[in-house]
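Quick heads-up: structures coming right below.
Note that chain A is present in both complexes that follow, paired respectively with chain B and with chain C.
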Partner chain A sequence: MSSKWMKVAVLSILLIILTSSISGCAYKGVDKRAFVVGIGVDPAKENGNKFRVTLKLAKPIASLKSSTANEYELLVHESDSVAEAIRFLETREDKVMDFSQTKILALNEDLLSGDLFPLMDYFVRRGDLQLVLYVLMAKPTAEDVLKAQPPLEAAGENSLYNYFDKTGTESPFVTTTFLFEFRRDYDTKGKSSALPIVEANEAGTQLTVTNSIVLKNTVEPYVLTPTETKLFNTLVDGAGGYGYKIENAGYKFMLTLDHVKMKIKIHTNDGQKPRAEVKIKAVGAISESDKLLKLKDLDHYSKISGEQFGEQVKNLFVDLQEKNVDPFGFGLKYRSSRLNTKDTLDNWKAIYPELEFDVKMDMQLKSVGAIE
Partner chain B sequence: MTESKKPEMPPFMKSISEALPSSFDVLHVPLTLDDAHVHLLYMKTVVDGLTLQQSIIKPFYELDDERKFGAYIQGLPNRLDPPQPDELLIMLTSGFVLVYADSTYSILEIRKLGNTLQGPTISETTIHGPQLSLSEDLETNVSIVRQHYHQPNLYVETHQLNDKSNMSIALLYDEKEVNVDVLRRVKEKLDGLDEPLIQSAGELAVRLTSRRFTLFPTSILTERPDRIVYNLTGGKIILLVDNSPYAIVLPVIFFDFMVSMEENYHTYVISLYNTLLGWFGLLNCLLLPSLYVAFTAYSPEVLSSELTLTMAGSRIGVPYPSFIEVIIMLFFVELLTEASVRLPRSINAAATTVGGLILGTAATEASLASNVLIMIIAIVAISTFVIPMNELGFAVRIVRLLIILFTTLFGLIGLISGLLLLIVHLTNMDSFGEPYLRIGWRGKRSEKMVNSE
Partner chain C sequence: MSRFLYFLIFTNMMAIITTPIPRILLVQSADGAIGSMIIGTLAGVLFTYITVKFFAQFPGMDLIDLLQTYTSSWVRIPITIYFTIFWFIAGLITLVMTVFLLITFLTPEMSIYIITLSILITVFFGVLLKSKSVLFTLEIVFILMIPVGLLMFFKLYSAPEVEWDQARLAIMHINQVPKYGSIVATIFVFLGCSNLIIFNRYFKEKQKVSLLSLGAITLFGVVMLVTSYFIPIGLSGFDRIGQLIFPWTSSADAVRMKFGLIERVVFIFMFIFVTIAFVSIIIHWHISYKLILSIFRLKALQVKQQNFTPFLVVTVFLLIGLWITALLTQYELYQYTRYYYYTIPLFIAVFFLTMMAIKRGASK
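The block that comes next holds the complex of A and B.
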């Protein structure tokens, strides 16, 4: 045997030994993993503990056609911290818990007042939890929301995902907030985070997402009404939809908006009251009316609906201002457009309660929705 | 002399004749008419009898004079002076006739041509474009190329291999386009060949590469005259081998293997689409099995949750890890592919159908493989044949096993590093001095244009 062959042989034996010692640590077959699709956190029922953690595990489906309904398993444990509870829950399942597919983090309403950082810490820190999971507020409890199984939910899908990832419904009532977004807005000075409120009915067969809740660690949470939620989503995400009610000048309209854009500018000139100039451009059509509409009067309709829409938006701004929350990020806008000094934040805190909103609407209706 | 039944063989011819083996096809034919004596020595099985009859024997009896006949022989276009005896012997075995007339020796090429029939293309079929491949005869093949490429710059150099077959080969190149360095290297390689027996173009192509253990081919084997001409205009060298319907194209770069001649016969968009399909097939064939291993064993988070659950569900009951599953099923498919190549054409369709369909269904029924994997393996098996040159297809079939090995050990990172190693290997390779991964930035138009510098 020549020395060259000797070298090759030694090298390959070494390689085999080395590689076999490396392997095995991460190799875990997909059928040996239990996929967690949702995490729910409630306040503990028993005394002494802080949290009641619910994990929703999906059961793999052997054949999608023959299985009729989804099969999930719910594991519940109460503990002092989320991390500890999850460690205990891992012992209840023979398979490895895989959090990489987790997309739902349901939080109970009672947990949302006060400082949320200690609660959020675990979820943000854990490496295999993706930061793009959807955070929501659950009503009545997180456990109930995770347990709910709408009849339309087909095998292999998760109806909670469909609400938020825009593959299913695209309603302007649904606020979508990712974990990273939630934490960022919560932490940012001059902005508040908003979470969707998911409500399960008592029978556990229906989920409703119409409201949102605005959170900031320093103030009380403020629950938006469905109409406010809709306006908030429309302005922030530019998402349109059906059902913007307009009552003005004797007309009653329902508008369908396709496209909405908002621009904020904050004026703090000396001697004047601070003023936020909000320019909104909305494009849409009239979808319902109580009177016969004429196409040639479209500009008139645009004007009157613009006035009313602007009024609604302004009311929302004022409402939020009174509650001292700021999900639109006026404060962030102020901070980002001023030279940053140590007083910037304090200035803003003084300005915000007195801020005047000047809403400039540009409503462009394209059609009266019917042929004359 | 006239009395003797068989005239005496002239001495030189006699010595040659004695050096030849006494097989049945070695013929010594004396022609005698009155005073005229002519001797022919040839091998019956390699000489075209009809041409011999027409051009030598018939004129002899018509001319009726040894001197005139000698002059006639001298004037034949296929006549040569006899070379050294050992060279002469080789010439006799390849279809030359030794003629002794008018006290001079001549050697005439009256070769019985081999298989001059152009068969239909088999390994590189196209829908449009020429349907006939090369023949198995060298001269016919050279004439086919000449007929496709009417350029005075087309040089044809013949060469004889020094092995037992003594096969003739022809070196074709466009003198204006060819890279002189590459040409020199190829000629050096041809002269330096040290093989006991070379029988086909494929074998010659393998022997021409300097590395012994090499996976990727450094030359293209083609049976298509249009590909030969396409490559000639691009400055490549073509080697034609006698008795082989394949031509060797040198030097090549990796991207040459991804060109199907069909692309030249379609509109731009369609051929672009076909090219992309080819690349997609290559990537599929290379990566899909490894991706399956990576997703099922290491990184299920990459896929959407529905797909992950479906994959997990389809693996329920499969009794071994996914990489073993993949290797077993790939092995089945390789067997099927090989079997369909070996089997006679009339039954190979049946064999693949039976093998593919029944094995696949049975494997999932017995839960020895997951449904998802069966689909992946089917896609991979089909993708292998989308790669235009099947030499590359063979290489890819082996490389993907290595990538599966890497993925099994290190997951998605392993897949990426395996791919990286592959690229490093390809970068390190060269084909007769030409970097293997060189990207030909020239457009198709300028590639086809014959422009002298």
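The block that comes next holds the complex of A and C.
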């Protein structure tokens, strides 16, 4: 046999052997997998355990036409650690649990005070969990939120996703926080992380997302009111939408903002009080008014709404400062704008309570809507 | 300069993602990493310049020929053995790291032997190719990867998920004393041109090193370093970046494509970098294999016209690869790799001394 034929023979044998390895992902086909779409963690109800873990599994459907309702399975187990609970839950299903599609991590309010490190460990350590999953605070419990099934939820859909990935509703009340973002902001000195609060009603038919909670390991969690949440989202993500209420100079407006941009600069000159210069540029329109509006006065309306908006923003900053939380990352701005020394962090801790906010508002209203 | 030379240099730069270099740099992010990267880049570019200049004097000859022609065998054999080991370990590091990457992110439940074997079977054939075919393989992979690579860079630098304040915070730590470990790790990024010791055989025309080509190499190296250093910081935060074992992959997982082919862009990235890692292993081991064959050929394995020593050598490579991969823990991988990078100055010294010896022999 010539060496050429030898090579061909060896290659063919090898290829034939290799085909046997093409038997699905890691030798487990998709029909042998159960996809976990959400994980919920609550404090345990029984004594001796720490966590009550809920897994929401998607039930495979033959086709979208044949199925009318959405079906999920919920598995609950209490244990000392998240990993252990999940290992126990794996024995309740005949299929292998696949976490690569998990998009929701719901945490109970009671778990969020104190250091979150031991709780978050498992989710980051496990490499096959996405880091782009949505973290949220669940009310009254994570189990209830995962269980809730709004009537509008169609087959093959998960309404919790739609809130956060901005393909469905885009409301300025909804804070979107990914796992990597949560971890990054929580760990960064000079920034606090914010989580959306998802509330399920008692019947389990409705979900509401209007508030946010600000977390940092060193301080008590602080719940933002809906108005504050809206402002926070607007400034951080540039998320616009309806519903910015302005009451100034005898006018009552509701504004729609198209886009908002914020720039922060920290000034610490000698002899002066430390000052944060916040430049905000907002472009929008008036969507509701209690009086007739004149088109030629648009600049005036811009001015008075700018004044009021700036005031609201400033109040929010001062509020957060009093609670010693910093979701806007003033501390990070400070640290990233001067050469690092070993005192930088301590300096910032002394500066933040005394920081003065100088909000420079540039409001540009482009229209008054369809009528004057 | 020939385009293949660029491919060799650029592949080595891109392959750093699947080596422990990003982590070595990021662990020292508050401790002089940026200064080290600057020094390492300058040293690396200088090394590239000298090496390419040297081999340009001997077009069409590889190191084996040069050593055989111009030096005596007591110089030749130890140097060849040293280089064999150096290149073999370079490939081995990429192999182990790639396997660890796959087992952590792609298939956590799969056996480590199966993963390693599935890589090694391809590598087996890659290493046994002719040197020229290795260069062509490299070119094909490179051209196939360009669109995906461009998409990756566009995605990373335009992602709203990257918090540039974190990167700025990292720059603010520039006022630290550079550290030896990070400097040598950065130099490794620029060592791609030393692959000329085998591949120079196929560069028959005289290579000219223009300022432009040197600039292109520097630019590409800097872009790769910046990407592998600042993007993880921007995505995972500066303060705890040292905690991540695979900083680059964990961070790339944070980028998503809402309306793209797949939402988790990390799989596209892993596709690129595992492919590049494959080619990188093949190149390193190919050189290692060529070097060892120049001093070692078993007569006993001669069957008619065919000598089976190459198969034996590569099989030994694979077995060592398989054994080491199964043996090492993550900690050991990082620790031993660090020691390996510590010896890079020694390598450069030996490399330059060899060059000088060859030049002296040639001028006689």
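Throughout what follows, the second predicted complex is superposed on the first by the 345 of 372 C-alpha atoms of A that agree within 3 Å, B and C clash if a C-alpha of one lies under 4 Å from a C-alpha of the other, contacts with A are read in each partner's own complex, and residues count from 1 in each chain.
The criterion applied here is as follows: a contact is a pair of C-beta atoms (placed from the backbone, for glycine too) under 8 Å apart; a residue touches a chain by one contact, two chains touch by 3 or more.
Just so it is clear, the model here is predicted, and its values are computed rather than measured.
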{"item": "Fit or clash between chain C and chain B when superposed on chain A", "value": "fit"}
{"item": "Partner chain(s) touched by A:157 [first = chain B, second = chain C, both, neither]", "value": "first"}
{"item": "Contact breadth on chain A, by residue count: chain C or chain B", "value": "C"}
{"item": "Which superposed partner A:128 touches (first chain B, second chain C, both, neither)", "value": "both"}
{"item": "Chain B versus chain C as contact partner of A:14, first or second or both or neither", "value": "second"}
{"item": "Contacts of A:94 with chain B and chain C, given as first, second, both or neither", "value": "neither"}
{"item": "Chain B versus chain C as contact partner of A:61, first or second or both or neither", "value": "first"}
{"item": "Geometry of the superposed three-chain model: angle at chain A (Cα centres of chain B and chain C, steps of 10 degrees)", "value": "50"}
{"item": "Touched partner set for A:329, first chain B, second chain C, both or neither", "value": "second"}
{"item": "Which superposed partner A:30 touches (first chain B, second chain C, both, neither)", "value": "first"}
{"item": "Partner chain in contact with A:202 - chain B first, chain C second, else both or neither", "value": "neither"}
{"item": "Superposition-derived minimum Cα distance between chain C and chain B (Å)", "value": "5"}
{"item": "Common interface positions of chain A, toward chain B and toward chain C", "value": "26-28, 128, 130"}
{"item": "Touch list for chain C against partner chain A, complex", "value": "30, 104-110, 114, 118, 121, 161, 163, 165-166, 168-169, 171-175, 235-240, 246, 250-251, 253-256, 258, 263-264, 305-306"}
{"item": "Chain B residues within the chain A interface of the complex", "value": "295-301, 305-306, 308-318, 321-322, 408-411"}
{"item": "List of chain A residues in touch with chain C within their complex", "value": "3, 14, 18, 21, 25-28, 96, 124, 126-128, 130-132, 165-167, 178, 180-181, 183-185, 187-189, 329, 332-333, 335-341"}
{"item": "Of all residues in chain A, those that touch chain B in their complex", "value": "19, 22-23, 26-31, 33, 35, 37, 58, 60-64, 98, 100-101, 103, 128, 130, 156-158, 161"}
